[in-house]
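Here come two complexes built around chain A, the first alongside chain B, the second alongside chain C.
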Partner chain A sequence: MTPAVEADRLTHRYGRQEAVSELSFQVPESSIYAFLGPNGAGKTTTIKILMNLLRPSGGHAAVLGIPSSRLGPEGLQNIGYVSENQKLPESMTLDQLAAFCAPLYPKWDDSLCSTLVQRFDLPRRQKISSFSRGMKMKTAVVMSLAYRPRLLILDEPFSGLDPVVRDEIIEGMLEIAGRGEWSVLVSSHDLSEVENLADHVGFIRQGRMVVSEPLESLQRRFREVEVTLAQPCPQPQPWPAAWLRARISERVVRFVDSEYDEARTAERVHQLFDDAEAVASPMSLREIFVALAREERHGGTDA
Partner chain B sequence: MRQALLIFKKDLRCLWPELIVLYAVLTVHTAYALRDSLEREEINQALNLPFVFLLTVLIVIGRLVQQDSLLGTRAFWQTRPIHPGSLLMAKVLSLACLLAAAFLSACAVLLTFGLSPDQFLTGLLDALLPQLNLITVSVLLAAVTPNLPTYVAAWLGMQIAMLLTQDLGNFVARIPRVTDYTREFVWQVSVLFPGLLLVAHQYWTRRTRWTLAGSIIAFFGVVFTPSLWPWELGEVFLPNVSREVQARLRGAAPDGAFLALRESGGEMLIRAAPEILRPLPGSDFTVGMAGELQVDASTRASLSGPSVRIDAGGILDALPGFHWAGGRSTTAPPLQMETAGPAAFDDLVEKPGSLRGEIHGRVYGYRLAGAVRVEAGVRLDKGWATALVRSVSREGPQVKVVLRSRQIQVGRQDREFPRVVLANSARKEVVAGTSQTRSSSTYSGGLVSAFRRVAQDRVLLFPAEENEGGLLLDDRWLAEAELVFLEPVQKGWFETKIHISDFRTRDITFDPKARSAWVN
Partner chain C sequence: MLPFKVTFKPGVPACEQAVYAAKKSIITGQLRPGDEFPSVRALSQALKINPNTAHKVVAELTREGLLEVRPGLGTVVAEIPRSSREQRATLLKDELERLVVEAKRLSIDLEVLHEAVTGHWRRLSPGGAPVEKLVEAKL
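Presenting the complex of A and B:
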C-alpha cells in the first residue's frame, strides 16, 4: 500500500543553515501521524516541502504517490492543509469563501460543510477579518475538510488556541475521520495537543528525525526503569546505548529504556548489577518526548 | 477559464471598496474633463485629480496582486487546487476591466470634445502601450513586495531609479535615422516584453526571488547593454539624403551674432540635405548635437562643478527655421555634448579648448495639401487640422483678415501636422507660421497614466495680435493669396561633423555672413 506521505533523505537549507537534514519517514495510509518537535526543529519546513511550497535541497518526498515537487492542482484536490501561518481571504465571509472553494473540488460536500460550520458555531455572513484566532482556525479546518480529502496536513493547528477551541476542532476532525479512509499528518510542539489523537509518531529535532514509528510500538518500547541495588555499585562504563537519561545514586539506578523488553531488560540489569530489582513503568508520550529531547541535547546521561 | 472567472469574481468581491473609489475618481475626473478648460484646470490644480487617479490605480493593482500573493508560502491559493495560469488569467481580466473603463471614459470625453472615433481611436490605442508598461511594472513590483506600503515604497524607488538612470542608458537614443516616435515605441516595447515574460514567470513558478533578480537584470539588460554596445546600431527607416559640403568659419562678427572663431580658422564638415541647403520658407527641422569638448588642464579645473554648462545649440539657433528638440548639457570635462539647452557658452567665456561635434536631425520637405481662397467663412480641413477665415474686412487702405486654425493631437502619433500659411504664389511670398499657440481643450488622463496627454486641441492664432487677432494686408496682395496647407513629408536625415580646435570661447559668435557657407 502506498504511504500517504513518504520522505526520503529530505534536506532543506536556508542559505548556509540546514533546516531539515536527511529526513526520512512515512505516514501510512489511514493513519494519524503526529509530527512532533520543539520550535525551530524543521516541522514547518518539512510540511512546506510536502506541499510544494518549498523545493528541497536534497532527497525527495511524495504525497499520495505524487512527488512533492510536482504536486499541482490535481493532487491538491485530495489534500487538506491547515496552518497557523496561512492567510485566509479575510475580506470574504465564510459563505463567500465556501462558494469560492466549492467549485475547486469535485468532491466538495455542501452538507458536510454546513454540518461543520454548525458544529464549530461559525457565523456565515460575517467577514473573516472580524473572526477571532480560534474562529479563523476553525474556518480553515472547515475549508480543508468539506471535500473529504484523502490526506489532511495540519501545521501547528492548535498553536495559541484555548483548550476549549482545540478540543472542539479535534472532536470535529475525529468525527469526520470516523466516516472515511483518510490520513492525517499533524505537526505540533505540544504533545498534549495530539497525544490522544495520533496513532503514529515522529520526533524531529534540529532537522533530524529522532524516531518515527507507531505510537503503540513506541509506548511499548519505552519504559522508565528504576533499579534498586542491594548495595552501592560503581557506574557502569559505558551505559548501554538503549538506556536514556541513565543515572545512579547510592542504591538506585534510573533510566529510560528505549528498547524495552521485560526479559531482555532484566537480563541486562543483572549483567551490570549483581543483586538488583528492576521495576518498569509505562511512559506517556510527553515523557518519551522529553527523554528523547534531553538525550539529543545532552548526548547521553544526566549523571 | 472557469477557474479564472471564479478568481475574478472573488477579486471583485474582495476589492469592491477600492474599485468603488477608483471608479468614483474616474467619474469625477471624466466629468471635470468635460467642463470648460479654465474651470477644469482650476479643479485639477485644487484636487490634483490625475495624481489621485494614478495613485488609486496603483493601489488597486497592488491590492489585486497581493490579494493572492506570490511572495512567501502563506497565501491561501498556494495550497488550493488553483492553476497558476488561471490565477494570471483572472488578474489579467481584472486589469483589462480597469483599462476598459478608463478607455471608455476617455472615449466619452473625446466624443464630447467633438472628435469622431476615427479621429481618436488609433491615438488612444497608441496611448495604451505606455500604460500597459505602467501596469506590467506595477504588477511586477506588487508581486515581489509583501504588502501595500512596501509596494508603494518600491514603486517610488523605481521612479527615482528611472530618473537617475534615464540619461545613462537610454539606448534608443543611439538608434540613428529613426523618428522620435519610433524611438519611443522601441523603448516601450523593450521594457514591456521582458516585463510580461517576468510576470508570466512569476505566476508560473512563484519564484519571486528569481523574478526580482530577473527584473533587475532585465532592466539593466534593456537599459544598459545596448548602450554599451560598441558598434553602431542599425541605421534604418530613413534614407540618408545628405551630401557633404564644407564650411569655413569666419572671424568674429562685430554685431555679436552667435558662432564664429577668431584666429583659429576652424572648419566644419557638414553633411546636409538638399532641403537644408535651400530651406523653404517656414520649413522645420528637428536637430540634435553630439560631441565632445576637450579643454586643457588649467581650464579643466575651472570648468569642474555643476554650474558649467556647454551648449552647442547656439550654433544652430542662428539658422532660421531650426528648432532644438531640447536636451541636456554636461558639467564635467571631458564634456560629452549631446543636445542643447537655452544658454550658450556663457560659462566658457575666455576658456581655451577644442570642439568636436556632430549635428544630426531630420529633414522635411513640404507639399501642398490644400488651398482655399481667402473669403470670410471659408474653411479648410485636412485630417485633424482645420483652418478658418473668420472675417475679411476693409480698414482704411488695407484689408484686415482674421484667421483661426485648429489642430487636434491625439496620443503620441508619428504624425506631422500641416502648416497653415497665407501664401501669395504670384509674388512668391508667404505669411508663415503662427505667433501663439493656445491649448484650449487639453485632456490629460484617460487611461491609467494621468500624466500622458491623450488629446490636445490646439488653436493657433496668426500673428498681428496688435490688430486684434487680424492681419492687415494690401488688398491687391490678398487678391492673389490663398490659405494653404503645407503638409510636411519626411525626406531623410542629416548629420554634421564639427571639429574646431584651439579656440577661445570669448569670440565664439556666429557671423551671419557665414551662413552663406551653410547654404551654398
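Presenting the complex of A and C:
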C-alpha cells in the first residue's frame, strides 16, 4: 500500500540555516500521524515542502503517491490543507466562501458542509472579518473537509484556541473519518492535544527526526524504571545503551528503558544489581519525548 | 452521550482504558444485556480518540464476549459470558498473587485488604453504593 505521505531524506536550507535536515518519515494510509516538536523545529517547513509551496534543497517527498514537486490542482483535490495562519477572504460570508470553493472540487459535498457548519455553530451570513480566531479556524477546517479529502494536512490547528473549540474541530475531523481511505497529518507543539487522537507519532527536533513510529509501540517500549538497592553501589559498567537518563543516588537507581520488556528488563536488572527488585511505570508521551530530547542533547548519562 | 465515562490517564494506551471503562459499566449493570453499544464513529467522536482505536475497543469487547454484533441492528451488550476454568485460574492465581505481593509490600493488613475487596465487590454490583469512604477510614 502506498503511504499517504512519504518523505525521504528531505533537507531544506534558508540561506545557510538548515531548517530541515535529512528528514525521513511515512504517514501510513488510514492513520492519524501527529507531527510533533517544539516551535521552530522545522514542522511548517516540512509541510510546505509536502504541499509544493517550497522546493527542498535535497531529498524528495511524495503525497498520495505523487511527487510533491509535481503536485498540482488535480492532486490537491484530494488533499485538505489548513496552514498555520490560514488566510481567508475577510469580506466574504461563509455561504459566499462555500459557493466559491464548491466548483473547485468535484467531490464537494454540500450536505457535509452544512452538517459541519451546524456542528461548529458558525454564522452563515456574517462577514468572515467579524469572526473570532476560533471561528476562522473552524471555517478553514470546514472548507478543507467538505470535499472529503483522502489526506488532511493541518499545521498547528489548535494553537491559541480554547479547549471547547479544539474539541469541536476534532469531532468535525472524526465526522469524516472511518469511511475508508482517510489519513491525517497534524502538526503540534503540544503533545497532550493529540495523545489519544494519533496512532502514529513523529518527533522532530532542530530539523531532525528523533523518532517516528506507531504510538502503541512507543508506549510499549518506554518505561521509567526504579531499582531499590540493598546497599549502595557505583553505576555498573557496561551500562545498557537502551537505558537512558540514568540517575543514581545512594540506594536508588532510576532510568528510562527505551527497549522495555518485562522479562528481559528484570533479568538485566538482576544481573547488574544483585537481585534488586525493579518497579517499571508507564510514561506519557510528554515524558517519553523529554527523555529522548535530553538524550539527544547530552548523548548519554546525565548525572 | 456515552453510556460510560472515561477519564484518560497519560501513558496507558487509550484502547486499554476505554475497554476497561466499558467493561466496568457492563459489570455494574449500567449497561445491560440487549442495550445498544455506541458505534465506532460515535465512540471515536465522544472520546476524541482515533477511529482505529475505537474500532479496536469494540473488537476487543466483542472478542471477550461482552458485546455481540447483530446484523442490521448494530452492536449490543451481550449476556455476561461464562468463564473458562483457565480464565478463572489466571485471575485467582496470577493476578491475585500480584495484588497480595503489592499489599504486603505496602504493609496492608489482610483484614483491611479483605474489607476493601468486599467493598469494591459491593460497589461494582448492580445498584452498589460508593466504597471510597469505607476504605479511606481504614487507611
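Note that the second predicted complex is superposed on the first by the 295 of 303 C-alpha atoms of A that agree within 3 Å, B and C clash if a C-alpha of one lies under 4 Å from a C-alpha of the other, contacts with A are read in each partner's own complex, and residues count from 1 in each chain.
We adopt the following convention: contacts are C-beta pairs under 8 Å (C-beta built on N, C-alpha and C of every residue); 3 or more make two chains touch, one makes a residue touch a chain.
Every value quoted in this text rests on a predicted model; they were computed, and no experiment measured them.
When both complexes are overlaid on chain A, chain B and chain C end up sitting side by side without clashing.
By the touch criterion defined above, A:Gln86 reaches chain B but does not reach chain C.
When both complexes are overlaid on chain A, the residue A:Gln96 reaches chain B alone and has no touch with chain C.
In the superposed model, A:Lys48 makes contact with chain B only, not with chain C. On the chain A superposition, the C-alpha centres give an angle at chain A of 150° between chain B and chain C, rounded to a multiple of 10. Shared-chain residue A:Leu174: touches chain C; no touch with chain B. Look at A:Gln206: by the touch rule set out above, it reaches neither chain B nor chain C.
Of the two partner chains placed by superposition, only chain C is touched by A:Leu285; chain B is not. When the shared chain is aligned, no partner comes close enough to touch A:Thr115: not chain B, not chain C. Annotation: superposed on chain A, chain B and chain C show a minimal Cα-Cα gap of 26 Å. Put simply, chain B touches chain A in their complex at residues 2-3, 6, 9-10, 13-15, 67, 69, 73-76, 78-83.
Residue ranges on chain A touching chain B, taken from their complex, read 48, 51, 53-54, 72-77, 79, 81, 83, 85-89, 91-92, 96, 100-101, 103-105.
The touching residues of chain C, when paired with chain A in their complex, are 8, 10-14, 40-41, 44-45, 47-55.
If you check the complex, the residues on chain A that touch chain C are 30-32, 167, 170-171, 174-175, 177-178, 192, 195-199, 215-216, 219, 281-287.
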